[in-house]
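Heads up, the next two complexes both have chain A, just with different partners, chain B and then chain C.
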Partner chain A sequence: MAAVSLRGLKKNFGAVSVIKDVDLEIGDGEFVVLVGPSGCGKSTILRMVAGLEAISGGEVRIGGEVVNDMSPKERNIAMVFQSYALYPHMTVRENMGFSLRLARAPRAEAAAKIKRAADILGLGELLERKPRELSGGQRQRVAMGRAIVRDPAAFLFDEPLSNLDAALRVQMRVELAELHNRLGSTMIYVTHDQVEAMTLAQKIAVFNQGRLEQFATPADLYNRPRNLFVARFIGSPQMNVLQGRVKAARDGRVAVSLAHGGEIAVESGPLPLAPGQPVQVGIRPEALAPADEGALVGSVRLVEYLGGLTMVHVAHGAEESFVVQLPGDFRAGLGDTVRFDAAASGVHLFDAGGLLVAAGTR
Partner chain B sequence: MFPRPIAKARPAVRVAYKASLPVALLVWLLPLVAVALTSIRGAGDLARGNYWGWPGEFDLVQNYRAVFVTSPIGLFILNSFRITVPVVAASVALACMAGYALAVYRFRANSWLFFLFVGGNFVPFQILMVPVRDLTLRLGLYDTTLGLILFHSAFQTGFCTLFMRNFISSLPHELIEAARVEGVGEWSIFLRVVMPLMRPAIAALSVLIFTFVWNDYFWALVLIQGNHAMPVTAGLNALNGEWVSAWNLVSAGAIVAAMPPVAMFFLMQKHFIAGLTLGATKG
Partner chain C sequence: MQATLSRRAFVSYATRRKLVPYAYVAPAMALFALLMLYPMIAVFRYSLMDGAIIKRNPTFVGFANYVANFENPVFWQAVGQTLYFTSLSVIFHLAIGMGFALLLNSPLVNPTLRSLLRTLYVLPWLFTAVIIAIIWRLLLDPEGVINAILMALHVVGHKVEWFSSTTTALDALTFVNVWAGYPLYMVSLLAGLQGVPKELYEAAGIDGANAIEKFRFITVPQLTPIIISIALLDFIWTMQVFPLVWTITGGGPIYSTEVMSTYTYKQAFADYDFSMASSSAICILLMSLSATYFYVKHQKAQ
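This part shows the complex of A and B:
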């Protein structure tokens, strides 16, 4: 177990810069998720930590030691790949014991480690099988077992659940969280799925185009996203964004008039907001509730019924629209005019450049 | 789907297909049938010009015994093995390593090196005849099996490397990365992770190279003079008498000489397995 820290990390492919000056401190035993849209560089960062990708600038430290010029072999890390990458010609037992055997670990010790990993992951029955005789979930478990037996300084996961079907993904997510509780090891986990990130992580690093946008706990990311990108990326369905202008700002309350009608109040601290300033209003779909006198007016465009919940897509003016998350028993017909109110605590204000200027805290 | 299954074609096409298939098969096999038939004819048939008709006498045993008695064919076959087996081993082993390097490592001259291997295959070997003969003479390897082994190994390795490089490229790269992260050294990755998955490629290539080299006539003629190093293909000539062409004996010798590559194919057949990497990745 060890802390992992990235300082001024850069990666260039030829003239293209894919990782731009990333600083990240991952504490010993922390479960950190790197998340972002595809192509944001999160996997590249993981591969640089693993030593599979050369570092163009900055440094990677594992347990305080700079590992930039170390081969993967010397870094004592374990990595679980999206595609499992099991050795197809070896049984489950051989797959898990391969690195121990090559490292000339005493046979009894290796057997004990394999047994422990197999017990943790429920693989006891499958030890003599070949990977082709396993289901996707079992294969992914073997890949994790292969990581566990090595007692690595850190576990790296590269979208390990992306190849599994939805039900299995949820189950494996729970198992992964339990695994972390049980082992208490440093884990760095890459995914593009914000639900996975929110449920698994102690801290989440959100990346966009090779830049670290924000590194915070899931609750902080949800409640105080630093900018519009993070605000939209975290939370499902996405945060609604409406254009508006500051009408008045006084005593920690800001009144914003929306471009397509209606007025919204935001609670905030003292802020340098001047009347007339253009702002972008972020409202989470779950912060809206139907109200007869509601300030947000629109007509129903689409209703998605999910059982316990109903998502209502509302056209707001000619160009804008927003989504409202409502209880499953909410009924509305297409084209109906509906009115909503936003809880002042659930509204965020961003300036024209997308930076957070006021977060509605709960 | 292309090609379209013949069962779905028009009836006329189907009939034409079914009729022409046996004809094509016969034309294809005719030379082999002729050689097999000639190998059991007596000398009288050939003197009478009965090349294609029913044999006048069946000299199966006499002919095949004569092959072994009147010519040192045993020595020739042994020479063929002494040449072919080392060539197969050397070129396949070199190709595995070179192919691995070309497929797995990214280095500056990688693609140029690869083109060199590919390009070497386009050199017509006839133009190498004089330089190679001179080279072996100067190295003192003329008229030795070693000379032939070295030349064949060098010449076949190019094609083998092309074949192996493409095969290794098609293996999931994550397997190699997973092993690296696990702390497995490069040699161990090559020997214990990649090599076991290359079994079908090694088997196919071995059969191919074995057949190429075993059937070589040209280089045996160019580089070998004495019986001591003569492989069986070139040695068959010895069965023709000084004044008489004993085609029945040459045919019998040819059949004997053709057996080892056939045996090689059946020996290796069980290694031609598809889907060896099944289960390695999601697939």
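This part shows the complex of A and C:
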């Protein structure tokens, strides 16, 4: 177990800069999730920590030691690949014991470690099978088992659940969380599934185009996203964004008039706002509730019944629209005029450049 | 409508379904019988006669021709030399083919150099046996380039008569065959290497494997099916190789490079004893069959 820290980390592929100056401090025993859209460089960062990809600039430290020039072997990390990368010609037992065999661990000790890992993951029955004789979920477990037997300084996971079906993914997510509780090891986990990120992580790092946008707890990311990108990326369904202008800012409150009618008030944030300044208003779909005198008016475009929840898509003016998340028993007809009020805690203001200027607090 | 549905075929559908595969392979089987099976049976019949083809009324002599072969020390010398020639060829083909394949697959070699080497390394494959024979008879001539180089480097003290001395001829011949045959291995193994998933090496690296351990625990097991297939095929082919041996040494000097194929050829076309030649040919067939047996067994296990 060890802390992992990235300082000014950079990666170039030829002339293309893929990772741009990333600083990240991951505490000992922390479960950190790296999220971001496809191609933003999550895997590249993980591979640089593992030693599979050369580092173009900055440094990676594991347990306080700079590991830039160390081979993967010397870094003592374990990695679970998206494709699992199980050795096809070896049995489950041999797959899990491979690192111990290479390290020339005593036979009895290796057997005990394999047994312990197999017990944790429920693989006891499958030890003599070859990977091709296993289901996707079982392979995933073997890949995990191969990591567990190592007692590594840190676990690295690159989208380990993305090849599983939805039900299995939920189950494995729970098992992973339990595994972390049980082992208490440092874990760095890459995904682009934000539900996985929110449920597993103690802290989430959100990346966009090779830059770290924000590194915070799931609650902080949700409540105080640093910019519009993070606000949109975290939370499902996505945050609504409407255009508006500051009408008045005084007594710790900001009143914003929306471009397509209606007015919304937010507690003012860290930066001073001048009347007339254009802002982007972010409203969480779950922060909206129907109200007879509601400030936000629109007509129903689409209603999605999901059972426990109903998603109502509302046209707001000619160009804008927003989504409202309501209880399952909410009923509305297409074209109905509806009015909503926004809970102050779910409204955020961003300036024209997308930076957070005011956030509703809980 | 009803009528068409209930009309019964003369032969039931299930029976026809079972017959179809036989119909498909029938033409091939007929050709095989005509071109392979018939000559094979004919050769076997000749081998049991005295003076087949050349005598008007050849007599049946049972296994006398085989006994005569087995009592001839040259026969056994040829068998031993065939096995020596074949085994060394296969081993060195594999070693050299693997070495070059690894080199060509290595990211450490720059791409331009790599494509240049690739072309260079497959060259031996482009020559027919006769051309290879001419090239190497010139190179290994006592007055040839190789001797000149070796003498300049003080590896040998005199002009070695590579193909004309009984002590070196077989090894020199084997060397030429190795040179002529490794590209097949190289190309197959290179294709195999390119098919090994990169993550396996990455996972092994993280598990703590060094380069040699990666080769031993990932590369070799991944390539084993290819290695076994080509090694067995090569074994069967090399055992029967004729043009190269015939055009370089013709089996000499004094039987020192006599292999089964040249031995049989001489019986047939120098002594005109087709019965003896047939019995030798059957012996080659049996030796090849034993290797084929392993090949088929391996293919089934796949």
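Simple rule for what comes next: the second predicted complex is superposed on the first by the 359 of 362 C-alpha atoms of A that agree within 3 Å, B and C clash if a C-alpha of one lies under 4 Å from a C-alpha of the other, contacts with A are read in each partner's own complex, and residues count from 1 in each chain.
In this section, a residue touches a chain if its C-beta (ideal position, glycine included) is under 8 Å from a C-beta of that chain, and two chains touch if they have at least 3 such contacts.
Small disclaimer: the values here were computed from a predicted structure and weren't measured.
Q: Between chain B and chain C, positioned on chain A by superposition, is the outcome a clash or a fit?
A: In the arrangement built by aligning on chain A, the partners chain C and chain B clash.
Q: In this superposed model, does chain C or chain B come into contact with more residues of chain A?
A: B
Q: Determine, under the contact definition given at the top, whether A:Arg169 touches first (chain B), second (chain C), both, or neither.
A: Neither partner.
Q: Between chain B (first) and chain C (second), which does A:Arg93 come into contact with in this model arrangement: first, second, both, or neither?
A: It touches nothing on chain B or chain C.
Q: If we overlay the two complexes on their shared chain A, which of chain B and chain C does A:Leu134 touch? Say first, second, both or neither.
A: Touch partner of A:Leu134: chain B, not chain C.
Q: Looking at the overlay, what does A:Arg284 touch: chain B (first), chain C (second), both, or neither?
A: neither
Q: Which residues form the common part of the chain A surface touched by chain B and by chain C?
A: Of chain A, residues 50-52, 71-73, 77-79, 81, 83, 85-89, 98-99, 102-103, 146, 150 contact chain B in one complex and chain C in the other.
Q: Which positions of chain B touch chain A when the two form their complex?
A: The contact residues of chain B facing chain A are 172, 174-175, 177-185, 188, 192-193, 196-197, 275-282.
Q: Any idea which chain A residues touch chain B in the complex?
A: 50-52, 71-73, 76-79, 81-89, 98-99, 102-103, 130-134, 136, 139, 146, 150, 156, 163
Q: Mind pulling up the chain A residues that touch chain C in the complex?
A: Per the touch definition, chain A meets chain C at residues 50-52, 71-73, 77-79, 81, 83, 85-89, 98-99, 102-103, 146, 150.
Q: In the complex of these two chains, what residues of chain C are touching chain A?
A: Chain C reaches chain A through residues 197, 199-200, 202-210, 213, 217-218, 221-222, 224.
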